[in-house]
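Next come two complexes built around chain A: one with chain B, the other with chain C.
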Partner chain A sequence: MNHRYVVIASRLIVVVAVLCATTSLAVAQTRAYRAPRTPDGQPDLQGFWTNTTYTPLQRPKEVTKELYTREEALEILKTAAALESEQTEPGTIPDVHYDFTQFGLDRNQGGLALNLRTSLIFDPANGQLPPMTEEGQKRNAARAEARKRMGGPTDAAQNQSLSVRCILMDRAGPPMLPGAYNNNYQIIQGPGYVMILVEMIHEPRIVPLDGRPHLPPHVRSLTGNSIGRWEGETLVVETTNFTDKTAFQGSSENMRLTERFTRVAEDRIDYKFTIDDPATWTRPWSAELPMQKTIGPIFEHACHEGNRGLSNTLAGARLEDKKRAEAAAGKSSQ
Partner chain B sequence: MLDRFARSLTRVAAIAAVLLTATAAVGQTTYKAPRTSDGKPNLNGIWQALNEAYWDIEAHAAAPSSVPALGAAGAIPPGQGIVEGGLLPYLPAAAEQKKKNFENRLTLDPETKCYLPGVPRANYMPYPFQIIQTPKYIMMVYTFARAVRTIYMDDHQEAPADSWMGWSNGRWENETLVVDTTGFNGMAWLDRAGNFHSEALHVVERFTATGPDHLLYEATIEDKNVFSRPWKISMPIYRRMEKNAQILDFRCVEFAEDLIYGHLRKQPGN
Partner chain C sequence: MSTKRAVVVAVVGLVLAAAPLRAHHAFSAEFDVNKPMKLQGTLVKWEMINPHSWFHIDVKGPDGQVVRWLVEGGSPNQLIRLGVTKNTLSAGMELLIEGYLARDGTNKGVGRNFTLADGKRLFLGGSAPGGDSGPVVK
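So, the complex of A and B:
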């Protein structure tokens, strides 16, 4: 256990607890906060935000309630932060790969909002994904089969996940969910547009607000096609035109995503999303998590350009192939 | 009579000279762009260069494709270039490097690998880009590789680290957005012909609206490791007028994977 990390962690938790005077999203929403306006009259969401969290998407099996008490939530945060710091003992291989103190990969270092929810999913009320339809199960089984037919994960670059290939980090979305690092966003608002710069693999989300239709149904992309509108204080973004490869939690390409951004305090945006995909789940489901104000700037994340890991993994596998072939040849010549 | 004619001619010439000087001083245009809410020229929109500089920023004749299978469809179109004075002032060693880059462009050009295009190259690639303008930050979102530049209008600072797209500090000079960019990693190229720069690159760009749907783009390029003196490019940039114009998703990594990793694919029988 490295004591320095624990000291840092506990100090940050104090900061976080002070920052987040509101104790839950539900409470925060009842406060009569009205966001400042941009010159063209939109509620102002501009700034740097983070949605870092230790809260899981689905409720852990042993937890039976929807909300923790403040004390419980703080304790969980403290334990999770300590565990995360602890995993990089100086001089060990994980410490070389991910030096958390150097790169800020330790989630609590950047500050995070205290969230009383026991899961990000709040609908269904049990905090779990709804049951998958038979069609959804078949599709995901077929996807697994297709992956198997492609061969082993180190046989070719294309056999690796989209994340490893730096094409789309699996949680960067949309919907925008946090991972262990790079959970930062910059929002700017120009006339007729909201622009969300997602730090993870420098993903620009340009959301037009002019009520235009979605792209034709055969023009699809991994992150879909997003169209926004204001409903009072809330930015509502509808995204369709996903691909079969998007497969968010096993979704189909016809998934319809609705995101709702509401600034509920000077330093906080309430981010909610609903997934409607009858080809995959028996009912729509929804989740929410806070976006906490943070500091900028967001630096360039040139993931693909620096992707030595993938080259090295494949090169290592080919070296193993060669060794095996040589060993086999040696045996047969004996 | 003749005297009076001469006098009035002199007067006309004097007025014309004043007018010409005034025109030159505001960047070769007297057009005044519509204003944003904070009173700055409104450069918001979807824009695209329309020239052959993405093949070669220097003036060049037509040439065959380096991929014979593409035939005439892949041929290099002739272009007059965007470099003022025509040719780049390479230092001798850099001129050699440029030649090598050109000969090996199929494997060396960062564009073929879907790497971030850098500056100024991003501005004359054959894809649209969008300017989203706010008082403190201006973002330029490019179609190619989904590259993004943030131009810091307020909190100017030195580049915290090197990057592909560099670190851009911006300011307004009357009608012109002036962007000063440094902090490059030196790995980007300037075009498909192997023109290149080092990490010492310093680009000063000037974006000036010359009409409702046109920008004049000018950039001064300085790189003491590669060029003997600063040089300048300039070109018009056009507004994409389609009603539904938008930056579509050109996520090109997967188009480059066979090129980058193909030699590491498992061979049958192994």
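So, the complex of A and C:
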């Protein structure tokens, strides 16, 4: 292997990360930035973006303010990056894993924007999800009960989550929230349409801008049905027609999602979203995080094709079942 | 609250919040924490597949027999961005891999650490094992 090349490449990434961290602020500074225009006159959001963050969705209980100072945010970023890069303790469950740092999968290795927010949720002002309605609590209790009835996660492939089965990952949403790594998106605009490609696991969301109505209520999909429009500089995308399978933060299938994309600088899109689901929460709630310009292209993430982990896990569980059954039979015949 | 304490509290909070996102699947269900492994062998093939890459290693046993092992590693996408490709990682390299054996009893394992014969990390060239954990923002 050409070591030097790898070292240079990884340093380049670090430089990009530092640039991202030093030039971005969480709160949209609505300076007089005006996005360039596409040939058909839309504000241009096209390119490659990442929304990697260390900022939690909900504010940690002990933190009482909405924004950190720049110094505090940098300190948190540094501490979190160092913590993430630490090697796990041998012989412990978290150690049964490949090392993220070696594979360039630590959040700080892919470049991320400094965020002054103490939580992604900014409404309610306390940074917490609003209280769940009685209906929402009942539905989620019933879901947990149904999962329990299905048995353990290794009892059947269907018992594993959508992401383990390579069906849908949290990066896709919508709303699009980052996971640990590969939090990359590509936006392409054509006349009357915006396409948002999610790297994991390769979901292209094609959003029409012609004001058509949503699909009828009986037509539903995991990522819902998205319809967009421009409000000045902001792309507004409304998504409905979800299923019960994704249940974002415990939502119902009737959740209504409104996303707002505003290009606030050459290298940044401010991404805001509002969840309106009166069957689950006592009031709508909103969150915000920056999408930082990153390096393309998006590499194909053909997850299902390479997902040997699922069959290995089930094969391992069946072998252990067999050993247990043999041990039990051996005992009973003595 | 002092700044330092606020930082510590916030970091603990965010790490807890981020914990479930760490792994694509429960690796402890695929591999056995009670069966650590240490393999030394020759890289035959690197499968750059998602969600996790697989390294094919030929390992010579004490009896001289060469046995093929498959070792699971991370998603290749970010490595490609970092400049590691099939052209920079060549077959025939000598590797030392520490990790854990698969529960299904076949010649498979998860590679916690991939190091070269000289002790350097496979992908983060120039860093001694454990020495590359420095934060990005200076």
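Methods note: the second predicted complex is superposed on the first by the 290 of 334 C-alpha atoms of A that agree within 3 Å, B and C clash if a C-alpha of one lies under 4 Å from a C-alpha of the other, contacts with A are read in each partner's own complex, and residues count from 1 in each chain.
The criterion applied here is as follows: contacts are C-beta pairs under 8 Å (C-beta built on N, C-alpha and C of every residue); 3 or more make two chains touch, one makes a residue touch a chain.
Every value quoted in this text rests on a predicted model; they were computed, and no experiment measured them.
Novice: Kindly classify A:T92 by the partners it touches after superposition: chain B alone (first), chain C alone (second), both, or neither?
Specialist: second
Novice: Could you look at A:R212 and tell me whether it touches chain B, chain C, both or neither (first, second, both, neither)?
Specialist: Touch partner of A:R212: chain B, not chain C.
Novice: I'd like to know which partner A:S221 touches here: chain B for first, chain C for second, both or neither.
Specialist: So A:S221 only meets chain B here.
Novice: Check whether A:N254 is in contact with chain B, with chain C, with both or with neither, and answer first, second, both or neither.
Specialist: In the superposition, A:N254 contacts neither chain B nor chain C.
Novice: Go through the superposed model and pick first if A:S286 touches only chain B, second if only chain C, both, or neither.
Specialist: Touch status of A:S286: no partner.
Novice: Tell me which of chain B and chain C touches more residues of chain A.
Specialist: The larger set of chain A residues in touch belongs to C.
Novice: Now for A:Q158: first (chain B), second (chain C), both, or neither, which partner does it touch?
Specialist: first
Novice: Once the shared chain is lined up, is A:T240 touching chain B (first), chain C (second), both, or neither of them?
Specialist: After superposition on chain A, A:T240 lies in contact with neither partner.
Novice: Classify the contacts of A:N182 with the two partner chains as first (chain B alone), second (chain C alone), both, or neither.
Specialist: So A:N182 only meets chain C here.
Novice: Determine, under the contact definition given at the top, whether A:T133 touches first (chain B), second (chain C), both, or neither.
Specialist: In the superposed model, A:T133 contacts neither chain B nor chain C.
Novice: Which chain A residues lie in the overlap of the chain B contact set and the chain C contact set?
Specialist: Common to the two interfaces on chain A: residues 154, 166, 299-300, 302, 305, 310, 315, 317.
Novice: Could you pull out which chain A residues touch chain C in their complex?
Specialist: Touch residues, chain A against chain C: 1-10, 13-14, 17-18, 21-22, 54-64, 68-69, 71-72, 74-88, 90-105, 108-110, 114, 118, 153-154, 160, 163-164, 166, 170, 179-182, 199, 201, 295, 299-303, 305-310, 312-313, 315-317, 319-320.
Novice: State the interface residues of chain B toward chain A in the complex, per the touch definition above.
Specialist: 36-38, 44, 114-116, 130, 132-134, 137, 139, 141, 146-148, 150, 152, 155, 160-161, 163-165, 187, 244, 246-249, 251, 253-254, 257, 260-261, 264-267, 270
Novice: Would you mind writing out the residues of chain A in touch with chain B in their complex?
Specialist: 39-40, 46, 151-152, 154-158, 165-168, 186, 188-191, 193, 195, 197, 202-204, 206, 208, 212, 215, 219, 221-223, 297-300, 302, 304-305, 310-311, 314-315, 317-318, 321-322, 324-325
Novice: Which chain C residues qualify as touching chain A in the complex?
Specialist: Checking each residue of chain C against chain A gives 1, 3, 6-15, 17-18, 21-33, 36, 47, 49-52, 54, 72-84, 88-90, 93, 99-100, 102-105, 108, 110-114, 120-126, 130, 132-138.
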